[in-house]
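The data blocks that follow each hold one structure.
Both of the next two complexes hold chain A, though its partner changes from chain B to chain C.
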Partner chain A sequence: MPHLEINGKPVEVPAGTNLIEAARRLNIEIPHYCYHPGLAVVGSCRMCQVEVELNGRKSIVVGCNTAAADGMKVFNNTEAIHRIRSGVLEFYLQHHPLDCPICDDAGECDLQNYYLLHGLHDSRVELTEKHHKHKVHDVGPTVVLDSERCVLCSRCARFCREIAGVDELGIFEHGGDSELLNVPGRLLENDYAGNVVDLCPVGALTDKDFRFRRRVWYLKRTPSVCTGCSRGCNIYVDWETSRSYKNPQRRIQRLKPRYNRGVNEWWICDRGRYGYHAVDAENRLTAPRTKSDGESEATVDGVLDRAAEKIKAALAKHGPKSVAVIASSSSSNEDLFLLKRLFADELKVHSLDVTLSGEPKGKEDEILMKADVSPNRRGAVEIGVQPWGGGGVAGDDIVASALDGDYEVLIVVHHDLTRMLSQKERNRLGQNCDYILYLGTHENGMCHLADDVIPIAMWAERDATYTNFQGRVQRTWRPFEPRGEALCEWRVWQELGKRLGHSLPAESVAGVFDSIGTVVASFKGLTWEGLPANGIMLTGVSEPAYRKVQSSHPLPAY
Partner chain B sequence: MDIPDTLVRKSEEIFFSFPPERRESALVPLMFEAQRELGCITPDTEHWIAETVGVSLVKVREVLTFYSMLRRERAEKFLVQFCRNISCCLAGAEDLQRHVEKKLGIRNGETTADGLFTLRYVECLGGCSWAPMMLVNEMQYYQLTPEKLDRIIEGFRSGRPVPPDEPTPLLGNVGEKIAV
Partner chain C sequence: MIDVKPVRNVELSLWQKTYYPELLKGLWVTSQHFFRNLGRHVGRALGMKTEPPMVTILYPEVRRPISPRWRGLHRLMRRPDGAPRCVACMMCETACPDKCIYITAGESPDGRVEKFPLAFEIDLLRCCFCGLCVEACPEDAIRMDTGYLELAGYSREEFYLDREFLLRRGEPTTHPQYPGELDGATVHRVDLVKLAKGH
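On to the complex of A and B.
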């Protein structure tokens, strides 16, 4: 492992580490545009030049394409380096349109940041002499290109080529006419296109979904986990609620990938990136509903009271076989744990499952996307939310039995059964079940079929953990409160438990998680406080082999 | 699109002249062959080239648009490609640009009313040692002055072109004289 010094500070790094990454370990930023740790090194932007001294030999090198060597002294802050970078920057800014006031990237732009560090020069080019290029160019369904702001770092083109596996962007023409573009008639439309906006160090590529929505300095950032599929990519929720005169419904402004080497590296797919609209969608359920006579307005307490009465009556009359629960693998570990405790352990209900064959499936690929669109199926399996004992009935059979009138009480979470049933079957289900309780997030057929409906909180409105397909337990942080009267699913089970005379373990999500850690074998030893930001593997499950999406790119020896 | 048989045969010859792991290198020679045969490389030809060489359309376009010797439109009668890179500028190319614009009465990218000349400013053409320089179709003219430019343009106008300059070593045999 080479030992080197950067700005006089010693650091030890693994062999093959480049100078930008070595400096990062010391919290020293070597300015750069074209370099990105997830992409092949091209060394084209020339911003990362540093002075290097080794064996008495002094020279100026690019930090991205120079491997750290033993005994190397690196200087990031000398007068010569400052002059070089300021010269490089002047070229970048020569024809820059200086339209920061209307640029989405202002505030997180590396032209702005590095100009403050190394620029501060006045332009030598008259405004009228500036070159003009494509200004509002539609490169694809989700991304807009402003060529005049582009610094030709080629990160986006390399991303498409190396990570998404399709050549959709290129740098065309030559010299001062060079321009990043798509081939006429071909669009940037791969499933990961949104990442080019994150990669763009300037405001050249902007996200149509976020364009002109908010100045970035108003955004608040909360780490979270994407619930769009069973991979559970790590993300940041960028949200803002105080400027309600603009899209009052919209609290989440955008999602950004959060680095997790073992899950999603630096990337997320577009399905996840734009999936957040569901959280603030107009058809969110925000209040409980009831079909019960004589109740003008449903309340959560009223619904819970009635559900408890119905369950109690069914159990007393026909025993646990008259109750069935179709839970969801979109629910968190805590939700499923309390659900299992209440229905399986306490009430001895055997007809309990999360899986239905008619569940929606997504696209699967070799990069990130998984066909299983529920974020916590592994969690449901580990916690044991499945048919059990002699009379256990699986998901599809629960539906069939319910149609036959085998249950007094049917509880359904998330699943929209009506999409899997014909109109005739729907009517039959309504008639043959004495009482259907639905817990959901959005307006759908179940809201009309069920006798009572409880609105529940979505992933961005709660602290929760999900277990991804690898067996990694990852948590979300709550940026804001649930919409309307929606409540976290585990609270519903706890309240219902109280009404049925069973006190369930804890009063807080942390407490619920900690009791999972004492009860469920594969969660043994895990605690809420001990959960790292990048998740933790279940007990006995080993970290999957790290598979870097791009081909390896060894640095030349210095 | 219809690709002439001669070009298809030639393309295979070029393609298989490279070892299997280097077949992408057929891109540039194939483009020149296509241009010779068809006069220029249209978007349809780009598709054919991409398929033939087995590279993406983006790559073909990157190469095609990079080289000023590759043409995307049928050649005008005389395409004047005028270098505006650093060596030529240091040797006075900016004044010459103004001169040639005045002489032809057109600006960058325009064609003269008689359809004879099209002017295009391009990046380095590899003639820095004899800067300032320009390329008219495939003919190179070095160490330009306003007078020499006038002579060259008049030559084309009158149908008796000034013969192109041959690159001559300015320092003689560099290896012999400068090595110590």
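On to the complex of A and C.
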């Protein structure tokens, strides 16, 4: 473990750590463009040059490709370093267009940031003498390239080759004519293409989905977890609601990956990145619906009252066998825990399950994407939302029994059964079930089949925890309120419990999670307050082995 | 640190406390001006050359010259080919302390500029005429030099200015349009003096 000094401050780092990462531990930023901790080191941008003193000899080295050594003294703030960086920047800005006002990256651009730190020189190039390259160049279905703004750091090209495993971008020509372009005959269309926009230190690569929608300084940022598949990539939700005149319904503006060494490193897939549109989609359910007569307008209270009445009547008449629940592994741990508490523990309903064979499946690869598109299947298994006792029936059999008219009351969460049934079967289900209650987020066939519908909140509208396929419990933070009258699912179970005379634990999501920690064995010892930002493994589950990163430097601990 | 400076109230003398003498003194000054001006106007209307010339400006027929720094109704400038200069960079929207500028950006159909305002709206009732939008604009696209100061209307909607309205006075000129014409409503101008002389 080498001990070294950076700007006079001592620090100890693992052997092999480069100077940029060593400085990061002291919250000192060594400016850089081409270096990224997740990618191979090329040392081409020359911005990270620092002064190093070792064994009495002084020299200027690049921070990204110099390993920390014992007794090293690193200086990031000397006059010489300032002069070098100013010179490097002048080369970068020589032909850089004056696009800042219309550049989507303005505000989070490293050229702007470092120019203010180290540049502040006047341009020696007349506007008319600037070189021109491709502008608004389509490199793929999701990304736009502006070659004039590119600083040729090659992060995007390295990402495609090293992480996505395809050669789709490259740097062509020589010297001043060098230009980032598509590899001939190929488009930037891998499943991780959006990451090149995050990697781009300037505004050369911009996201078509976010392009011109908001200036970045309008955005507010909330940490969250992607619910697109069972991996549960850590993300930031960048949202803005005060300027609704721009596009009225849209609250989330973009998603950005959040570093988590054990889950998604620095990346997210495009399915997750653009999957947020569902939250602000036009077909979101915003109000409860009912088919019952004599009610002009459905209210959540009215629907809950009726559901409780129907359940009570069914239980009194035919016992717990006449009620079945098809829950969802897209629900959070808290939702599933209260659902299990209410139906299995209190009402002794045997037939409850989360899994149906007809559920949609996604693409799976060896990088991030999982075929299981529900974010909390592991949580459902750990909490034990499954058929139990003698008469318990599993997923598909619940549907089959419901078609046969075995249930008085059928409660369905999220699952769109109508997509798995023929028109004939749908009609039969509607006739044979006395009462169907549907809890959903979007308009679908179930909304028309069910007797009562309660709209529920989506992941971005609530505080919740999800357990990913590794067994890591991760929480989301709520940026904004649910749309319309939508409720958090756990709140529905709690209100229903109250009406059925069973009080469920806790009035807040934190309280519900804490009670999971006291009841469910694998959640033992976990508390809401004690949840770290990058998640925590279930009791008895060990951290998965980290993937070897190309840079070969020890991974940052932040 | 800001020093605290104690200020004592000015003590009124007995003469001032009695109130009426001071009031009459003020009225006397006002009346002097009133009658002097009245006399001059009547005199000039009858063709006499009064010295010094009358000081009252016969607004709205006659208008005072406005300083180039004066800030009034906004306008959006155009390029020589008529396209809006605005590139929808949102600098004015960001700088606006009243949040009264609403811009929606879009991909420009014109190949030379990437970004342009699909919508550019100003809610004049919220505007405090501070001019920060003009300062912030990197393209000299928004100006407040129309010289138009009669901002009156019958409904709130009339004060919600859209892009077309703002561009209408944004001809590619550099001088302020003074005195302005607002949407074809010409300012009715009559020379009272000539009228009085029987011209």
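By definition in this document, the second predicted complex is superposed on the first by the 546 of 558 C-alpha atoms of A that agree within 3 Å, B and C clash if a C-alpha of one lies under 4 Å from a C-alpha of the other, contacts with A are read in each partner's own complex, and residues count from 1 in each chain.
Going forward, a residue touches a chain if its C-beta (ideal position, glycine included) is under 8 Å from a C-beta of that chain, and two chains touch if they have at least 3 such contacts.
This structure is a prediction, so every number in the text was calculated from the model and none was measured.
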Exercise for review: Give one word, clash or fit, describing how chain B and chain C relate on chain A after superposing.
Suggested key: fit
Review point. Which of the two partners, first being chain B and second being chain C, lies in contact with A:174: first, second, both, or neither?
Key: first
Exercise for review: Specify the partner with more touching residues on chain A, choosing between chain B and chain C.
Suggested key: B
Review point. First (chain B), second (chain C), both or neither: which does A:501 touch?
Key: neither
Exercise for review: Look at A:136 in the shared chain and tell me whether it touches chain B only, chain C only, both, or neither; answer first, second, both or neither.
Suggested key: second
Practice item. Figure out whether A:245 sits in contact with chain B (first) or chain C (second), or with both, or with neither. Key: second
Check your understanding: Which holds for A:525: it touches chain B only (first), chain C only (second), both, or neither?
Key -> neither
Point to revise | Least C-alpha distance (whole Å) that remains between chain C and chain B when both complexes are overlaid | key: 24
Practice item. State which residues of chain A lie in both footprints, the one left by chain B and the one left by chain C. Key: none
Point to revise | Complex interface listing, chain A residues touching chain C | key: 101-102, 135-136, 211-213, 215, 217-218, 243, 245-247
Practice item. Would you mind writing out the residues of chain B in touch with chain A in their complex? Key: 43, 56-59, 61-62, 65-68, 85, 122-124
Check your understanding: Which chain C residues qualify as touching chain A in the complex?
Key -> 87-91, 94, 102, 104-107, 113-115, 119, 121, 138-139
Point to revise | chain B partner contacts - residues on chain A that touch it in the complex | key: 157, 166-177, 182-186
